[in-house]
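Naming follows writing order (A, B, C, D, E, F, G, H, I, J, K and L), and every chain is counted from residue 1.
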Amino acid sequence: MRILFVNGPNLNLLGEREPSIYGGTTLQQINDRVRDKARETGVEVVFYQSNHEGEIVERIQKARGQFDALVINPAAFTHTSVAIRDALIAANIPTIEVHLSNPAKRESFRQESLISDVVIGTVSGFGETSYYLGFEAAKEFGKRKE
Amino acid sequence: MRILFVNGPNLNLLGEREPSIYGGTTLQQINDRVRDKARETGVEVVFYQSNHEGEIVERIQKARGQFDALVINPAAFTHTSVAIRDALIAANIPTIEVHLSNPAKRESFRQESLISDVVIGTVSGFGETSYYLGFEAAKEFGKRKE
Amino acid sequence: MRILFVNGPNLNLLGEREPSIYGGTTLQQINDRVRDKARETGVEVVFYQSNHEGEIVERIQKARGQFDALVINPAAFTHTSVAIRDALIAANIPTIEVHLSNPAKRESFRQESLISDVVIGTVSGFGETSYYLGFEAAKEFGKRKE
Amino acid sequence: MRILFVNGPNLNLLGEREPSIYGGTTLQQINDRVRDKARETGVEVVFYQSNHEGEIVERIQKARGQFDALVINPAAFTHTSVAIRDALIAANIPTIEVHLSNPAKRESFRQESLISDVVIGTVSGFGETSYYLGFEAAKEFGKRKE
Amino acid sequence: MRILFVNGPNLNLLGEREPSIYGGTTLQQINDRVRDKARETGVEVVFYQSNHEGEIVERIQKARGQFDALVINPAAFTHTSVAIRDALIAANIPTIEVHLSNPAKRESFRQESLISDVVIGTVSGFGETSYYLGFEAAKEFGKRKE
Amino acid sequence: MRILFVNGPNLNLLGEREPSIYGGTTLQQINDRVRDKARETGVEVVFYQSNHEGEIVERIQKARGQFDALVINPAAFTHTSVAIRDALIAANIPTIEVHLSNPAKRESFRQESLISDVVIGTVSGFGETSYYLGFEAAKEFGKRKE
Amino acid sequence: MRILFVNGPNLNLLGEREPSIYGGTTLQQINDRVRDKARETGVEVVFYQSNHEGEIVERIQKARGQFDALVINPAAFTHTSVAIRDALIAANIPTIEVHLSNPAKRESFRQESLISDVVIGTVSGFGETSYYLGFEAAKEFGKRKE
Amino acid sequence: MRILFVNGPNLNLLGEREPSIYGGTTLQQINDRVRDKARETGVEVVFYQSNHEGEIVERIQKARGQFDALVINPAAFTHTSVAIRDALIAANIPTIEVHLSNPAKRESFRQESLISDVVIGTVSGFGETSYYLGFEAAKEFGKRKE
Amino acid sequence: MRILFVNGPNLNLLGEREPSIYGGTTLQQINDRVRDKARETGVEVVFYQSNHEGEIVERIQKARGQFDALVINPAAFTHTSVAIRDALIAANIPTIEVHLSNPAKRESFRQESLISDVVIGTVSGFGETSYYLGFEAAKEFGKRKE
Amino acid sequence: MRILFVNGPNLNLLGEREPSIYGGTTLQQINDRVRDKARETGVEVVFYQSNHEGEIVERIQKARGQFDALVINPAAFTHTSVAIRDALIAANIPTIEVHLSNPAKRESFRQESLISDVVIGTVSGFGETSYYLGFEAAKEFGKRKE
Amino acid sequence: MRILFVNGPNLNLLGEREPSIYGGTTLQQINDRVRDKARETGVEVVFYQSNHEGEIVERIQKARGQFDALVINPAAFTHTSVAIRDALIAANIPTIEVHLSNPAKRESFRQESLISDVVIGTVSGFGETSYYLGFEAAKEFGKRKE
Amino acid sequence: MRILFVNGPNLNLLGEREPSIYGGTTLQQINDRVRDKARETGVEVVFYQSNHEGEIVERIQKARGQFDALVINPAAFTHTSVAIRDALIAANIPTIEVHLSNPAKRESFRQESLISDVVIGTVSGFGETSYYLGFEAAKEFGKRKE
């Protein structure tokens, strides 16, 4: 089983940016912890981060037939990218949406999502734990037919 | 560690009602599986379901000081109950919101939530797995100070 | 053939409350007249009224498999109860919605309905006659496959 | 007692158009069945259909003083004709609005009505049965003072 | 100088319909009084009324080059007819809009106008006097270049 | 018969300000022409202009019992002054609202009026002619009971 | 003179819940202080609290003819209960609405009220003092015809 | 193959009305040019124009089974006619919507269409060329099953 | 203890204007009665009324440090004055908002308030009694730290 | 004559992605067919596709003075890119917007376009035929002055 | 060159009111610093502040032909005064709008401006520096034709 | 002191694109003039322009700790980029937003800004002068603690 993790803009700064909000863990450390969990259960994981909408679109396009599940934190693109939405539909891979923070506690424009209704489900608000729960869900739903 | 699971109206019908949508698992079976997981890690779990808004309000009120975390599927009350929202604020216990289905794929009035911004985070769209991920989150966040 | 009549909050006051608007007929008198009509055509009718949302939810839940049709006047709950809506979907009995007054002539919040799109049809504005027409519709649609 | 039935645009196609939705009964057959019911109770009925807003306006104007009640299915004009609304107010005859389908289950623009608040009441969603219930209501309310 | 008066649907009932609101003067009597005023100042006036949108569109189309000014009471079509609006733009005759009643005191849908921004000005709320003031404005603006 | 003309802010600049839009006639010249018309028919007219909302409120308050009709061009205050609205209701004098330009051709915020539903009627879009027609309406409606 | 005090959901927690916001006074202490004030002026007072919408509806129904005035703090139900609104209309007792906090300083959904336009007046924002002022108003308006 | 062209209100004035906007070509000249193109490819074309909504409804109704494709420029009725929409659904002929001008550059009410979601596709903004491209699309889609 | 009463536009007409609505008591009589109550409890009261927004702004500015509490009925300015709102924030005196009538029963624009969220609390709907209750609240909250 | 075709994100997947909706034709095959048509009429065509908003912006910028017309299918960027809109305005080349599907039949967010009002016209809903009709329009409008 | 500075309501309190937000500098000190800068470059400056809308309107009216540029901080009137907007249009002097704070960080009603679209440009958010930058802009744009 | 200037999409065309609106000055010339001003006061300036959202995000990320202030003209990205907003928050450098034109005079979608509430202040509408004033503000606010 192969799972792709896709991270949107500014997530490369995780751990440095606003640590009081997002905690001091870096994206690399989260990825390492996911890889450890994956190894235990024989799952292969690949990690990708980009600040460019077009690159994320193409990464998702290329994932078709290569991965059994997708875990995506679209970050700022959650609210503005119809292109990523269309790429997710085209890729047709079971997808889990994760967010570090709880959008319901933030600015109102963060409460409109162009992604949520094309994924299986969403995990949000648990900090780095959102990734670990998202990984569990991906294992569960990557196995099944959607 | 003690965790309370609260289920809102019509969830007593789970497994019988619209099985093509919600699957054939009953609430009792979900509770049993959560209890098994809880036993392995020494967590005590209590389950509660009601179709009455006032009873749920009072169950949450009484949970104060008795439980370390709360997992709630408010079902239809998600969208209409200011009273449950107020009770959650009053109880002041770390709370995880779970939903069986993905609200972003359903009627638009199901996309307004009166609960989401007073909980730590939300897990939705994974069927019964939402409860198991919610239980993991509760263990994680019940331990910490919010 | 068995038909259940469900009446929402404050309808127990019918005939006493604002008689200039709602007329002087009590709910009991309406029920009696429906029972007479039912007797003539060999239909069994049961009447239920409650001011409690949870009780109405449970009465509808229990009606599954017991009744061939449901006539409901949700009164104030028409505009606020997602729980009754969900119960009607779960019960899956042909349902007729009736209203004494014409909502289009009243406050604007009474013109939003959470019930109308999950019933077969609606009869509104004819005072007690709405019940008798609703009974006719129930006989017609209780017989058929929806 | 005399009752006028007014039918709006495209209802002349009833029975031929989308029979899976509207059933295979023609407007002529509905009218015949209403006439039979009317004969039994000594009521005189007149039927009118037009695809022209102006003609319907004039038919309603001429009904003043000639009929005791009006049953109208304004069809598409329900949502667009202030002129028919004004004609109904001017004619000042007790009026019953009927619809074959349940507007709450259709496109959102069909849920705005320019007619509903100037009639006594509405019957909708019961197919041809809406006409028969509308006829019953007309007999009841044609007799009374509004 | 030649002025055309165009009257929309249901105005043929003026004087008979809701006399407590619209007064007991008929459209014929208003026309007669306008004709008297016109005669004194050597203006020719023509009167037209129709309940049909298409006929009004064609009457306005034919007025091009035949009249120096247009006084129109579009009645119910004020709020629903883009076709009359387009005909007025095409005819390109100085036009005065008149209303018997004050729309600001009536239903909210009567406060949207599709006509007002393509006429020179509007006179509303003065009963039959609106027509006499509209006639004065037409004489004034029919003389000038717009 | 006594008629008061009230003019709102910036109308003191009439004739100088944007003459290509408002024409070259000053408020003084309009007042003179109204006075001439008034003299012919034995009507007494008084003219008032202010840029201060509070002063206009007090001028209207003092008009009670002193004038038979009021002609008001509230200018910019049309859209922002609840105080003038309340003063007009309190004064209870038949009032005519006039505007030089046609609000339907201007910015959208000029299409909301806080005044129109408390006056008898409105004349707008005819330049200085709006005042002369407003004066005619005031003579007509100052004579009658409202 | 008899006055009924009705309190909505979560008010049983008063004094314990968020004391930094609501103060340390319990509902019992407020009731005691009201009873003292009542005794001095020979007024009889009855206190009622419930977390159940249906129970409050029925308490208000039973108050008809038994009380001269009603003081209600509907709490969370202020924004969601059409049933309590209908019960207040049916009971037809002079009613005073009170709130501990000032809704204008809270979440936007707390600024919609389904109750305010069916009561005599509202007192909000003064903590427990709102109840004492509400009692004064009830004495004043319980004496008069509304 | 037979194609019907239907033109809505005011299009009879094409070429005369606002030539700076719509060009100097008349509807007759467009029809002639379409007929020439049709003759070359052995297609039969019929042209229809009306200013009456009801007549257009009936022309579309009669087209059922008589034509393989429909090209319609509903003009002003695009934005106001549910009746034409219903007639198009009932007729069930592959339909192409054309507009001379680009609605996105015009008044906002012209950007709401009641027709677009029941046709195959739309061509707009190319002046008379919109008709020629619409004809090409009709030939293409008239041949296929929709 | 010193309390300032500020009254907005048109309140100088109280008792004369629409006595059937506002009662026959004048503002002077209300002030006298408040002064009597104040004298009994050793409180000094000052009364101010103006129809000018700017004057009210300056009166509030000058109250800083001079008064312990402020009772304001902003009347029409409630809905339109950001300047009074800003002055209240700047003055930083505990303020009580009062209204004679219940805004929830009046025009919809009277339900938007620019003042309510910067005062301690609001008393509305009790006629002149609103002032007496407002005075009680001012005594209570003038004493405390806000 | 030179025409540039610009294609937005995910169109590189055409023919593979959701063939039941978009058909089995690839973008390459469409381009080939356009090139054949172009060759017959001596027009030069260039094709460009990118998933990157910035690259499309720069391709359009460089087209200035190099091409006589532009055919663009902005795909997902239709609804989100003000940058492409600004580039089109800056490039100032006659532009035709094409869409494979009919946006009026899809999600509501696809019905907002940031592009339509800066192009000559739009062709949508005809599958690959939209490109061929767009090419015809480009030849027609590339020749003229806009 | 002559520049007029106009300041709206409550700005006379600058330096005293909420110094933690607005800083401790008074309006007088800002004016002094502007005057120093002006003297160096031979520009004449005049300062005006009022809490009265009507007075500001009249000050702007009198500025016509007297000043080469206007710097205005309309404060609370930014959001409510159509009269000041109209006066600015009438005065036709190049105008610069300045704000001490950044409206995008404040209450939502402060984000609607009735002034911004009739000035050359806006400087906001820089505290007293906004005035100095506004003065620079005024020198630049006072010299040119707008 | 070091200041970074960031310019968004299409600004590379400045001076060539729509010179009647944006003037004939190129971005290079503006940068040169800023550099001259900077040199006089010993400030170091760096200029950056990109049409790619992702590149701008990364340029801002890298500016952290490298610059004392940021001047940004996000151009089209002002209205669509949550990613740039998030990068600005993460970079945590005092930022000044500048615009050549006055958004309040342009299309309505240009009046929504995703950037304004995370910067210190905004300068807009002064053409190239906006940059020079922005530079002055950056010097002022780069020196201080925000």
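Operating definition for what follows: a contact is a pair of C-beta atoms (placed from the backbone, for glycine too) under 8 Å apart; a residue touches a chain by one contact, two chains touch by 3 or more.
All of these numbers come straight from a predicted model, not from anything done at the bench.
Graph distance from chain A to chain I, where chains that touch are one step apart, equals 3.
Equivalent interface to A-L within the set F-I, K-L or A-B: F-I (over half of contact pairs identical by residue number).
By count of C-beta pairs in contact, K-L exceeds the other of the chain pairs K-L and F-I.
Once the centre of each chain is set as its mean CA position, chain B and chain F turn out to be 63 Å apart. Note: centroid distance chain G to chain I, computed from Cα atoms, is 24 Å. Centroid to centroid, with C-alpha atoms defining each point, chain B and chain C lie 32 Å apart.
Annotation: 47 Å between the Cα-based centres of chain B and chain I. Multi-chain contact residues of chain F (touching two or more other chains): 52-55, 80.
Listed by chain label, the pairs that touch are A-B, A-J, A-L, B-C, B-G, C-D, C-G, D-E, D-H, E-F, E-H, F-I, F-K, G-I, H-J, I-K, J-L, K-L.
Against chain H, in their complex, chain J makes its touches with residues 102, 104-105, 113, 116-117, 119-126, 129-130, 132-133, 136-137, 140-141.
Across the complex, chain H is touched by residues 8-10, 12-13, 17-18, 50-55, 75-80, 109-110 of chain D.
Interface residues of chain F, counted against chain I in their complex, comprise 52-55, 57-58, 61, 80-83, 85-87, 89-90, 114.
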